[in-house]
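Right after this note come the structures.
In the two complexes below, subunit A is the common chain; its partner is subunit B in one and subunit C in the other.
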Partner chain A sequence: MDLFPQFLANGLVMGVFYALSALGLTLIFGLMRVVNFAHGEFYMLGGVSGWFVTNYLGLDFFSGLIVVAVFMAAVGWLVDRFLIERVRGQGEEPGILLTIGLSIFLVNGTLLLVGPAPMKVAGAVAEGPLFFGPIAVTKLRLLAVAVGIALIVGAHLLIRRTRLGAAMRATFQDPMAASLAGIRTGHVYAATFALGCTLAALSGMLLASIYSAQASVGGLISLKSFVVVILGGMGSFAGAIAGGLLLGVAEAMWGGYVSMGMVDVIGFVLVILILLFRPQGLFSIRTERA
Partner chain B sequence: MTLERNILLAFLAGAALLPFAVSDQYILHLAIMALFYAVLASSLNLVVGYVGEFSLGHTAFLGTGAYTAALLSTQAGMPMWVTIPLAGLVSAVFGFAIGAITLRLQGPYFVIVTLSFAEVLRIVANNWIAVTNGPMGLAGVGQNLFGDVAVTDKAGFFLIVLGIAAVALYLSYRFVYSNAGRAAVAVRENRYVAQSIGVDPFGTAMQAFVLGAFLAGLAGGFYAHYISFVGPEVFRFAFMATMIIMVLLGGKGTLIGPLAGAVIVTVLEEYLREMQELRLTLFGLIVMAIVLFLPNGLMGFIAQRREQQAARPPLNAAKERTV
Partner chain C sequence: MRNVVLGGLLLTGIAASVPAQAQDTVRIGLVQPLTGSVAYNGKSVVEGARLAVEEMNAAGGVLGKKIELIVEDGQCTPANSVNAVEKLVQKDKVVTLVGAFCSSATAAIMPVAQKYKLPLITGVSSKASLTEQGNPYFFRAAETDALMAEAFAKILANDLKLTKVAYIGVNDDWGRGGVEEFSRDLTALGVKTVLTEYFDHGATDFFTLLTKLRAAKPDGVFVAAETQDGSILVKQIREMGLDTKVFGVGSWATADFINLTGEAAEGIHAAVPYASSMDTPRNQTFVQKYQAKYGIKPGKYGAAGYNALNIAGQAIARAGGTDAEAIRASLAKTSYEAPNGVYKFTDKGQAYGFDAVLVRIEKGEPKVIASTPVDAPH
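Let's look at the complex of A and B:
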């Protein structure tokens, strides 16, 4: 029982990153209705490009973070304008296939360029642990969590307080009415996709500073992000955060008390149960049902 | 309908002659894999093309079939003619249980929940070491057909998989052109209209789903004996991606499409193999190009061309008809 607070802290730390990545997916999957199987690859690209800018361009962690954010936003914008836009409004199938193709391309292209070895992003602070009573957390983790929380708050302010955010909310309520009101919905879709892509990538870079980035990590991250989005409710901002923390803590508890091997099964069992008993998600703002 | 049937029969007849005409083991291996994938793609097509829901969990049935056959063979020493049909039946039971839960959902929810089931099974296969031997997998699956009669060469395996493919195509054909198949298409096209004329969407979807699971289980059972090894990777998403690409490249909702897709993708993958790491990168690009430029697959493209040609010569007549 004495390890409980430590498991809880570890779970919350992981949960912040799940939440950040899922926040990106809740925009793309929950609002834009693109079943994006390349989401984990955006996460992976964040980690790999983070490694590239800190190791090869010699930038420090924070300017690296900004460079990666700008780069991945551009990638997301281009992916939407050149690929996703062409299958918009045709149901989910073409989108699924398109993003599967994109993810195969991105994983293997990355493998071709940088190889399969794990890549460590140089962190901003030293590795030393900090003790809060019975809990030990490294400084690096604490900093990454703080940056993660700041990014979540930033995304929230962007959606709630800016003109772009208002245009997004209008577009996803009624695209026709929004375009009649003079909103360029094509740009809004691309901006939303870019934002979702950037959030995933930054989550990937932060986590790569704690662990390491690998070209093949994307598949599991995609699936876990879907799990968190469905757990929290499609398109729900608060739901993605709560779902992410819940998954992180549930996995840490299961890993700590039951078995380490089966830890990834938790998310999938949760999602099956949620879809059976509460298909609108735990915190959905809409009463939409599956 | 008759054209489709005749093409399928001609394909099977042509394939039956292959082992007598070709003795190259490598080409026979490719032909075996193409037919194995053709069975898988046809079974997925029953769900994707006729129920109209996008299942990403079809590997659950492939894997269940493969593990069933491997366990029956290694633990009980049963021959192929028992294990492969049993693999199909066990998969069909799994299909019934999973379908009863997942077919209540539609759209993106169905996609994710089917994928979750396949992932759960993969993780269980990876960790339940007492039964599945974990990541080490089950090696040394027997290759005897009846009692002690073993299949030793590729030609023998080719005829077995051809038999399975014939069964799969026959069952798919009978289902698609039965009342249940037509009801499934009605549900796919418009759920509410179908319901209003008395079609039970859940029941018809369930029939297609269980049949698809049964056929995927047969394919899995064959795979276990042919490769003679089964590991958790049979549940992996890569298999799923290959199947989807075959169905959509060929054209979903047609019987010939998945067959054509399976042959093309198997050959294409093998051809690109010479380029090593570039192979999958190019593969990803090809997939994206198919979605953008051939949205209804090859069969859709051919059907469209035929319609255009039929409409072209009597231009005035066509105009009058549309008025």
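Let's look at the complex of A and C:
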């Protein structure tokens, strides 16, 4: 029983990381109805470009984070204007095929440019352990949790409290009415996609400073993010947070008390259970479309 | 009619050009993972292999021709590795095969090599059973986990004063094999096992596993993991505030591992068949050339690719032709002077005679603290 506080702490930290990585996916799906299979690759690009700006441009971690945010927002904007735009309004399948193709392109492009080696992103603070009674964490993890929570709250406020957020919600409720009311819906779509990409990339860079960045990391991130989003309910902010925490704690407990070797199974067991008993997810904003 | 004639001309042209090309160079096929979770290590093998081919060609090639290395991506999976071999045999008409990286992939291409009666050399795959299948075309120019465990268990137990050890391995045939072999040999020396855990390829967070490790209170932890997983794991062992001794197998004595792991790498031990700091004149030349070409010191896998290609090239030269049976016969008589000792093959195709080393990482450099020749299995 003395291990329990540490397992719980590990699970909660991982849970925040999972929620953060899944946020971009749930945002793009919830608002735009685009199932973004290139989500993990945007996460990976965040880590790799984070490595580039801290290693080659010599920026400190937080300046690097801002540069990466601006860069990835531009990438997201362009991807929407030049690619997603072409399949908009044609149902979900063309978008799925498009983003799968995009993910293959991004992985192999990155392999070609920087190679398959794992890369290290210099963290913002030292890596040594911190002890709270029997619980060990690191400053870097606490910082990542804090930045993660700030990003989640920030994105929520952006959508609920700003004019851009209001324009986004209007556009996705009824594109025709929104454009009649003078909203430039093309820009709103692009801004939403850019926001989703930026969130994915920022979590990628943040977590690369704790683990490492690598070209092939995206697949696993996409899978885990889909698990989180299905658990929490498609498109729901609260759902992403609940789904992330649930997955993190479940994995920590299973790994801790049963076996580490099969820990990746847990997420999918949870998904099967959720789909059987509550297919709309824990928190769903549009149950009728789930 | 004209089309038919043209087509006929084209066809004869193609038919004539294929054997002509095949005769210009001696082709060796290399299958390695170039994408996926061990792509990074596969790339090191390819780098070493290219260096070996470059050296042999600079010295005049073999049989009076240049060697041409054709590299295919096997992705460390059985299916893709078999496809890669089929392509190398059918289309490129290679005379010898080298590969694959993962033991499961190598096991899948062994029968294919046998079907086409082509010699197959692996410089990496370490699963013991591969050389026990009675495949006469297969040669393993690498250590097995059993041989490494036998060579170093005693030195580790005495030098690190181990009494209670935890074992952590990556959840595949190599990781499980390493954990089994080392725990068996260490247990025979009276070392107690307090924990055995496996994790999946590409896992990034080990805090849960390490919480169990902390509770088990071992005085040493054995780790079987490659560069990426291993560096993150070792880093997190220190982040948890554990100061237990860490030792293991995998590509640890490499510049990349040390760079990724940072200060946490200090003082860890690795049992490896090759380290760039090995003190032989042949190794010093090899390290110098490798560093000049790639800007980084060679690790275990760079050396593995280099050795496998040299063994293949020398066997073809001794065979005096590209006949597969002749190459196979001359491979069996290999006595190749590598940067890390002399490679010979047993009747089953298992290499022996080369040196393996135990290194300790000190001030960012792998320092050799013990060296022992790998004996033929008995």
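In the analysis below, the second predicted complex is superposed on the first by the 288 of 290 C-alpha atoms of A that agree within 3 Å, B and C clash if a C-alpha of one lies under 4 Å from a C-alpha of the other, contacts with A are read in each partner's own complex, and residues count from 1 in each chain.
One rule holds for everything that comes next: a contact is a pair of C-beta atoms (placed from the backbone, for glycine too) under 8 Å apart; a residue touches a chain by one contact, two chains touch by 3 or more.
The model shown is predicted, which means the values in this text are computed figures rather than measured ones.
Trainee: If you stack the two complexes on chain A, which partner ends up touching A:63: first (subunit B), second (subunit C), both, or neither?
Mentor: neither
Trainee: Looking at the overlay, does A:104 come into contact with subunit B only (first), subunit C only (second), both, or neither?
Mentor: First partner only, subunit B.
Trainee: Just checking: does A:83 make contact with subunit B only, subunit C only, both, or neither of them? Give me first, second, both or neither.
Mentor: Touch partner of A:83: subunit B, not subunit C.
Trainee: Taking the superposition on A as described, I'd like to know which of subunit B and subunit C A:261 touches: first, second, both or neither.
Mentor: In the superposed model, A:261 contacts both subunit B and subunit C.
Trainee: Return first, second, both or neither, reflecting whether A:6 touches subunit B, subunit C, both chains, or no partner chain.
Mentor: second
Trainee: Pick one for A:35: touches subunit B only (first), subunit C only (second), both, or neither.
Mentor: The answer is first: A:35 touches subunit B but not subunit C.
Trainee: In the overlaid three-chain picture, which partner chain does A:173 touch, first (subunit B) or second (subunit C), both, or neither?
Mentor: neither
Trainee: Touch check for A:162: first (subunit B), second (subunit C), both, or neither?
Mentor: So A:162 meets neither subunit B nor subunit C here.
Trainee: For A:251, decide between first (touching subunit B), second (touching subunit C), both and neither.
Mentor: Touch partner of A:251: subunit C, not subunit B.
Trainee: Share the list of subunit A residues that count as touching for subunit B in one structure and for subunit C in the other.
Mentor: 107-108, 111, 259, 261, 264
Trainee: For the complex, which residues does subunit C have touching subunit A?
Mentor: Against subunit A, subunit C makes touches at 34-37, 39-40, 42-43, 171, 197-200, 202-205, 207-209, 211-212, 214-215, 227-228, 231-232, 235, 238-241, 256, 259-260, 262, 264.
Trainee: List the residues on subunit B that touch subunit A in their complex, please.
Mentor: Going through subunit B, the ones touching subunit A are 48, 54, 56, 101, 104-113, 115-117, 119-120, 123-124, 126-127, 237, 241, 244-245, 248, 277-281, 283-288, 290-292, 295.
Trainee: For a test of understanding, state which residues of subunit A touch subunit B in their complex under the given definition.
Mentor: For this pair, the touching residues of subunit A are 29, 33, 35, 83, 86-87, 90, 92-94, 96-98, 100-109, 111-112, 219, 223, 226-227, 230, 259, 261-262, 264-265, 268-269, 271-272, 275-276, 279, 290.
Trainee: Quick check: in the complex, which residue numbers of subunit A touch subunit C?
Mentor: 2-3, 6-7, 10-11, 13-14, 107-108, 111, 115-118, 120, 127-129, 131, 136, 138, 207, 211-212, 214-217, 220, 251-252, 255-256, 259-261, 263-264
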